[in-house]
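In the two assemblies presented below, chain A is common to both, partnered first by chain B and then by chain C.
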Partner chain A sequence: MQKKHVGILLVMPALVFTLACFLLPVLALLLEAFQIDGGAWGLQRFVAFFGDPLNRQVFLRTLRIAVLVTLSAVLLGYPAAQAAAKVAPRYRGLMLGMMILPLMVSPIARTYAWIVLLGRNGAVNSALQALGLSDEPQRLLFSELAVYVGLLQLLLPLMLMSLVGALENLPRDVTHAAATLGANAWQTFCKVTLPLTQEGLIVGGTLVFTGCVTAYVTPALLGGPKVLMLETLLYQKVSVESDFGSANVIAVILVVMTLMVNAGLKRISSSRSKV
Partner chain B sequence: MKEGLFSRCMLWLVLLFLLGPFAIVFMAGFSGGETLAFPPPSYSLRWIFEVLAADEFRRAFLTSLQIGLVATAVALLLGTPVAYALSRTRMPAMAAIKQVLTSPLIIPGMIVGLGLMRYVVLQIHAPVFAGLLIGHIALLIPYAVRVVYASLVNLRVDIEDAAVMLGASRLRSFFMVVLPNIRGAVIAAFFLAFVTSFNQVPVSLFLTGPGISTLPIEMLGHMENTFDPSIAALSTLLVLFTMAFVLVTERVLGISKYM
Partner chain C sequence: MKNTLPYLFAGGLALLAAGSAQAEKRTLVISAYPIAQPLFAKHVYEPFKARCGCDIVVETGNNADRIAKLEAHRASPVIDLVLLSDFGMLEAANKGLVAPLDYAKLKNYGQIYNFAKNPIGGNFAVGYTIYSVGLVYRSDKVSGIKSWQDLWRSDLKGRISLPDVSTTQGPLMLQMADLAWGGKGDDYATGMQKIAAIKNNVVTFSKNSAQLSSLFAQDEIWAAPVARFTWSQLLKTGMPLKWAIPAEGQAAGMNVMGIVSQSKNADLAYQLIDFWLSKEVQTALAMDLVDSPVNQQVVLPKDKAEFNTYGAEQIRSLKFVKPELILKQRSNWIAQWNKAISK
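The block that comes next holds the complex of A and B.
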């Protein structure tokens, strides 16, 4: 009985802080999106936002890039994680260190490499011209491809970490058992390894997808004002156009997207643990 | 073992893709040229010195350091009791409490920054620095809770009960028995939270103004105006520091298990 009160007392400072200083301003901002001039409530702002073809284009581009990066992270990350999970224990720390290093480095330093590589006088253009494949510098920076590559490098470590974790928890005997029972490598992978690491795949996928949707630095530096994504559009609406109405609408879209993906993740993992 | 060879090749490719770009940044950072070009025309420490001497970067670095240290300390002070309560007591509405406390991980940072700017700084007229600090503290609390909680769950309750039975108060037993045992996790949480704050861009973006800028925001601003190798030099320094930092923390604390 007394323990209950102690628990609440211990939680209270952090809870009050988060509610008052964090959730309240965010909720106020989100609610404003549903307010029309004069104080009435309605969805007019959303209709206006999606009525603009430019906004629709940015919305669809954000989804497209996020899906492509997530799929690429799975395709690249899964085999790499399989090899990483088998690394000898004495190199394990080094391997994990190399994987988490990009996560700890400033996102600007990480993105900057691509500016050096893809810029007008960058490495790729120098190589193209040296090889005689192109006479003048190609426009590689400020393209969807640049944003895609940058985001993939930024977020791949998240996929790797959750897959390595899932693969290391996989009991070694099960793949041997499948092989003994006559399954070939492909069958073992599809029927044993993949289902048992599904959770790591879903967690990694969620992290990468939401990471793409909410990334700012990468699309800002590699996409520029021509290849906008939702976050860079939000920043532009506020700081360039002072259009707070559209900014609120984008905020709602971003929050709904991340909440939906997270709720989906929770449902999948809870329905799996019930089985 | 053909399949093993394929996945090992993929691992090397992925590591090259993840780490190779840093080599490029290094080369550009040690450039002796006037503008950003690759490969650089010559190599020197010129831009490294220039960046270290630049007033705006030094000021922004100090702001980032201040915000990072204060926000991390406050987040740990607020978060450690929560981790203790979650691991040792049963509370009503536990799920809802967890939901509220982890919400800063889910809500995109830029929206947090915009909300704090408009309602805390512009409406209540709080100083920009306070808004920036609040945003960072809220963001770091979940990290503090998660790391400390993970180590409290693995700590046996018996040793605490023993201390209490021997006459120590609950508070005393926390400081004398529990805290020394979770010291590693608290230090790991400190490092993790500090790095998160130091590299933070979206939360800070709207919460900087005249005179107050964090290092990443200052770098972004600089890149809009000039195209010299100074950001490459600064990035080189940041990457080198982070490398040393990751190596040490992974060796000493095994920080990857908390991520």
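The block that comes next holds the complex of A and C.
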């Protein structure tokens, strides 16, 4: 048997399973969003969805929070990942373990911890008052800020893991060479490190963005009905109103958002590599 | 080998016999809320299994999930007995998913409150538990909570939580707000406007009783509408809390039971409904603070009565929202609510 055939045979069980139990059902579900009453096909459901000012507002809020969390994860992730990649191998395992520790705690427990921390009598408000930054407790919970903080903590480890993987594969000589040739740290990062670790950035960015637009527990508990997002709206449509048509439309929008962000990140990285 | 054959043969026969006995044992499938299932097993399912010689399988979920499942198995139902909110059962009845009941088959039917009898019309259901929604407040922080209008007081600004309209208690709150502020229509437009006007006073629109408990426990809120079945849980927060029955009355909710259309075990389902409505079972469930009784013969000691919707004062105060009104208006209310609250 040829090597190629062995490969196909090996991948077949997983492929059949994914096709039958995931892709086909999801595809069938998503296709319903394009079916209008009477069985015809069209985009009417999407036109109706975006015709409602509330839905537009919820869509923009979801996009805004997801973009902000993804950018923040990149900004916080790169320095931390570089530090992890540079430490001696015997400490690296410990550092990586600490990075992924939040992933080992249930999202519900983590979110409830934020409810305590961001509450009127929580640590954040106490610190603000102790530092003289505020005279009275601020309303931090049940706000966009709370959702942003909760999602960032939830998803930052995914960005870190992707970047650490990419940075570990970065030959050390190239940054030394850049420094020898007179580049400062910022120039080295922009011209050398970033282009050579862009795959990790794309994977991390897509994972964080997708996590933001699909997480339910965090926006539901830290935002509540005042901070309605696409995922909480989807839940409301399915579980309260049994409005599967609108839920399908939202599901399609979420998938398209994720695909577009992935494509956008790839485009940015390929245009950078051409520079 | 020779010697073992007769034993194998005898063993096989015994297995076959056991299998056929197993096949004869009927199974009643119940669709219920997930809450307190171990206590339902203790007080209802296990004693009933011993009586009927049958098995019970329980499938749990919320109203919408379970109605969707009933619909998916419409042609050959897998559920026999379904427990839903009154408006959830009306939705199921409108879709032809439950069959009309013959109340004459229920010996204990005469003992239940009138409002639990035929609660959604068409003989489709029987009420098995009720709950009131009154006002709970911090007695060390606020005083004089006597009316639903007090939730609009300036000293409670930023210190209240109201149920979200998408929850079961949401429409009940909307009803009381409408009633308190002189609303006239069936659409509760006045209540909706009044709640929207104080949305910035509301810490959050709560989704469940656990969230309400944590809000009280962390000193986030000082007053909120609370369902009676949550009361004992709230007192465990250690906060000085009091229950007020407002002058306009308390909102009331009811859960009901119905038999699924074309159920092959309707006879067993009738027996279980009757057992569930009996004084013994209703008392046991109320004593463990699972469900408040609808059987009027139930007598509860004071320490248990406190945590149930029970007693003349509680029952007199109840204001039920018509299930047909919730079904008709719910999507409209949610749309208006989202627009008004989620800005």
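Note that the second predicted complex is superposed on the first by the 219 of 275 C-alpha atoms of A that agree within 3 Å, B and C clash if a C-alpha of one lies under 4 Å from a C-alpha of the other, contacts with A are read in each partner's own complex, and residues count from 1 in each chain.
Assume a residue touches a chain if its C-beta (ideal position, glycine included) is under 8 Å from a C-beta of that chain, and two chains touch if they have at least 3 such contacts.
Quick caveat: nothing in here was measured; it's all calculated off a predicted structure.
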Which of chain B and chain C A:V11 touches, first, second, both or neither: first
Contacts of A:L54 with chain B and chain C, given as first, second, both or neither: second
Chain B versus chain C as contact partner of A:L101, first or second or both or neither: first
Dominant contact partner of chain A by residue count, chain C or chain B: B
First (chain B), second (chain C), both or neither touched by A:L228: second
Chain B versus chain C as contact partner of A:V240, first or second or both or neither: second
Contacts of A:A220 with chain B and chain C, given as first, second, both or neither: both
Touched partner set for A:R139, first chain B, second chain C, both or neither: second
Touching partner for A:G204 - first (chain B), second (chain C), both, neither: neither
On chain A, positions contacted by chain B and by chain C: 112, 115-116, 119, 121-122, 220-221, 238-239
Touching residues on chain A, where the partner in the complex is chain B: 3-4, 6-8, 10-11, 13-15, 17-19, 21-26, 28-30, 76-77, 79-80, 82-84, 86, 93, 96-110, 112-117, 119, 121-123, 126, 152-153, 156-157, 160-161, 185, 210, 213-214, 216-217, 220-221, 231, 234-235, 238-239, 244, 247, 251, 254-255, 258-259, 262
Interfacial residue positions of chain C with respect to chain A in the complex: 62, 64-65, 67-68, 158, 164, 166, 199, 203-207, 211, 214, 218-220, 330-331, 334-335, 337-339, 341-343
Of all residues in chain B, those that touch chain A in their complex: 3-4, 6-8, 10-11, 13-15, 17-19, 21-22, 24-25, 27-28, 35-39, 78-79, 81-82, 84-86, 88-92, 97, 100-101, 103-104, 106-112, 114-116, 118-120, 134-135, 137-138, 141, 145, 170, 195, 198-199, 201-202, 205-206, 215-216, 219-220, 223, 231-232, 234-236, 238-239, 242-243, 245-247, 250-251, 254-256, 259
Residues of chain A touching chain C in the complex: 53-54, 57-58, 112, 115-116, 119-122, 139, 141-142, 220-221, 224-228, 233, 236, 238-243
